[in-house]
Amino acid sequence: MSFETSVGTSDADSITVMGRDLARDLMGKASLSELAFLVVQGRMPTPEEARLFDAVLVSLADHGLTPTVLAARLTHTGAPESLQGAVAAGLLGAGSVFLGVVEDTVLFLDEAGEDVEGAVARELEAGRRIPGLGHPIHKVEDPRTPRIYEIAEETGLTGSYLARLRELAAAHARQTGRELPINGAGVAGAALADLGFPGPLLRGFALLARTAGLLGHLAEEMQSPIGMRLYREVDERAKYVPPTGE
Amino acid sequence: MSFETSVGTSDADSITVMGRDLARDLMGKASLSELAFLVVQGRMPTPEEARLFDAVLVSLADHGLTPTVLAARLTHTGAPESLQGAVAAGLLGAGSVFLGVVEDTVLFLDEAGEDVEGAVARELEAGRRIPGLGHPIHKVEDPRTPRIYEIAEETGLTGSYLARLRELAAAHARQTGRELPINGAGVAGAALADLGFPGPLLRGFALLARTAGLLGHLAEEMQSPIGMRLYREVDERAKYVPPTGE
Amino acid sequence: MSFETSVGTSDADSITVMGRDLARDLMGKASLSELAFLVVQGRMPTPEEARLFDAVLVSLADHGLTPTVLAARLTHTGAPESLQGAVAAGLLGAGSVFLGVVEDTVLFLDEAGEDVEGAVARELEAGRRIPGLGHPIHKVEDPRTPRIYEIAEETGLTGSYLARLRELAAAHARQTGRELPINGAGVAGAALADLGFPGPLLRGFALLARTAGLLGHLAEEMQSPIGMRLYREVDERAKYVPPTGE
Amino acid sequence: MSFETSVGTSDADSITVMGRDLARDLMGKASLSELAFLVVQGRMPTPEEARLFDAVLVSLADHGLTPTVLAARLTHTGAPESLQGAVAAGLLGAGSVFLGVVEDTVLFLDEAGEDVEGAVARELEAGRRIPGLGHPIHKVEDPRTPRIYEIAEETGLTGSYLARLRELAAAHARQTGRELPINGAGVAGAALADLGFPGPLLRGFALLARTAGLLGHLAEEMQSPIGMRLYREVDERAKYVPPTGE
């Protein structure tokens, strides 16, 4: 019994990825982002799609010294010989707290359908937060948001998700009297959904983008380490409090 | 005391990555690969460098149902709710056996310096294998190799590593009377070194490229799972042999 | 500002773990399982608790060539120099599919409270499966289940969770006319809950137990490798099906 | 073609681990540590071996807020829904820097053979550090060391590695005029080697022990989180230095 796959195969003379000859049709012609689009969607993106897709990936690649970056750098401190371990550690924290918004925004819009106004009303009544709105630092405007909308306009790729995300922000402002900016994670999710990516994989593109960002942090860690110093300081400032379990 | 970083920062109105304004200067202008180049080298690649760099990344992204892909798909079988765990598991096998060649080829050329002929002679005399040569499937020619050399020629980026890797293959053929093709991992390492990337980070770009490939496999695993079937078959064919430890 | 912790600390002359002198009070006196109990509950287990706890851990340690074991062995194939990577890959698949039952059983009993009969009725009416019952291989009786109940009896530690899990199985049999055995994951969850462990950490003890099992598989993989052979066979039996995305 | 394994198997009525009936012969009779010994060595430890083995595992389980513990806690900050990811991240930093000593000490003694004095002399002449000696905090005596020697004496298990490790410390003091204590990692490696464990697996027992310690830290992180606060403080104290790459 065989194991079927459409991703890739090879024989003595050629390598095939998604039905294309890797050396002849992809190398030198496709960027890594276009390849990532291809392996998930089964077709090459148009130049416009590739531009929007790259803009989203670039927007997700780095956010400074985040918890996941610190985890990667601290892992490198203990196991510098295993770069794959440090990268893996840096990806493992990309879970519900930080990446949830990317997916939750799309899920919320999926459930809202055309009635965004009603969905916002129900959510507010239930006392829940609306995903995709608000940011702890970018309180007035998240600089990534207008840029994604601009590129989507320029490329003619403003789809139903991006459009309804704007409705969502407007509905929230109307109903609460308080304007919250659309955040970068929310707009990234909406743009990826408009590009045709399925919900369960949205997180995957954030992982791809962050891997690029992690390489920058690990290159810096090799030159100007933070991990050991961070540990030493935490250790010095650690205050031991005997447990009260008994 | 501060924690210095050059990778990224943000304030209320802007996000900065490697000294650039993310929204204005990078989103819509740089691809993810260009960003990866930027965060490691501190400068944007030229269009020619970006083309060669993308060709290398694309060449490394997928090799079919490899051990690391199987590890990722089997991890998804048990924890489908944690895509980051499956990707991380798929990266953790990217160690000395499969990615060693990328780095070992560059290391060998670093140690050889200009005397590639002599270095090959010493290595053969010591009974060791020459890194970057030979491939279990592509016995005559690895299709990635001439393509990388072609793109390096077209972009004017054939540097010392790519040149000496050819000398290395020629020296090996002369001294052993047996022609071995330069393999895809070896040529990728040499091209990355010619692009200016430092040795300890070369593996990182293979990780980035493979993350893209893994997304394709995990998208496929969600639609046409292999993991559970593979496990069940192994389980059925497992033959229990009591240990002889006592 | 300090970072408070109760787990451990050290100074020039001593090491403290959970308020105990590591060298004097724990080494030579506590087993690793007792230490694991201590660091989570803040107190040492009684000998009876330790016996039941060890029985649960031992019951969870190995299930043969599972997907997670295969992921660990395939990771070792590619990165034999990084044992921590292979162990980590083997833990990452310990998610909702395989370990969910341990937690779901306890959660179900938490929500059922004293009305297990009613909770089973509601669940069956909603067409949902009852967690903790049934096993694909052990169709009549899971051998771990009577043993855990026996040890809980012997140690006087049959608590509310173990008792209600039996009610649950009986209620299910009464209401459906079909007897399903309590499975090993369900009984492990109930026993851990009766031992006082909180729900969100139950999965952690399965991870601890499996780490022990993984060491056995990785020791075997070093002597009698399966990973490379498994990959080669999958590769040979892979059937490439060009994607239909376009 | 079958996949042979000696670790475990099961059928409708029974589960077998290392040739033993899990429910009848192991559950309620063996501790998790004894099981870990069994799956690697193929035989049950004697009570004396189990005591020394547990003492070593307990000695390795926790060292306070180490880089790997911080990586695990920061991973939990971002992905609290995936305990396996936080544990895996906490293991991935267990590499050459922190665990190298456990293995390096045994490797050094393997290479030294009976001539420890000469091996120390050669190493000092080459300007290299002797593994297993010295500790940044425990400058006079590592409290774990005399305790392991004491338990080894009591159990009659002082073997060649523990004996030669003492010679090594004495040789170093004689040749340098400077007494360095045998550190906890070195003595753990020697004791595990005397217990019959092979070199490439020594790191695995540190991973097992640390998994227990990590559960304590993650339980604490759920109650009294450090991760988010640590990140916020690093973020506030981050000083952005534009790169000088161009």
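Here the chain labels run A, B, C and D in written order, and each chain numbers its own residues starting at 1.
Please note the rule applied: a contact is a pair of C-beta atoms (placed from the backbone, for glycine too) under 8 Å apart; a residue touches a chain by one contact, two chains touch by 3 or more.
All values reported here derive from a predicted model rather than from experimental measurement.
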Far-end chain from subunit D, centres as C-alpha averages: A
Centre-of-Cα separation between subunit D and subunit B, whole angstrom: 31
Centroid spacing, where centroids are CA-atom means, of subunit A and subunit D in whole angstrom: 36
Separation of subunit C from subunit D, taking each centre as the mean of its C-alpha atoms, in whole Å: 22
Residue list for subunit D, restricted to those that touch at least two other chains: 1, 3-6, 8-9, 18, 64-65, 79, 81-82, 84-85, 88-89, 92-95, 99, 230, 234, 238
Graph class of chain-chain contacts, one of line, ring, star, complete, other: complete
In the complex with subunit B, residue positions of subunit A that touch it: 1, 3-15, 17-18, 21-24, 26-28, 30-33, 35-36, 38-40, 50-51, 54-55, 57-59, 61-65, 82-85, 87-89, 91-95, 99, 137-141, 143-144, 146-148, 150-151, 154, 198, 200-201, 203-205, 207-209, 211-213, 215-220, 222, 224, 226, 229-230, 233
Subunit D-touching residues of subunit A, taken from the complex the two chains share: 64-68, 70-72, 74-82, 85-86, 88-89, 92-99, 227-228, 230-231, 234-235, 238
Footprint of subunit A on subunit C - complex, ascending: 1-6, 8-9, 16, 18-19, 41-43, 79, 81-82, 84-85, 88, 92, 234, 237-246
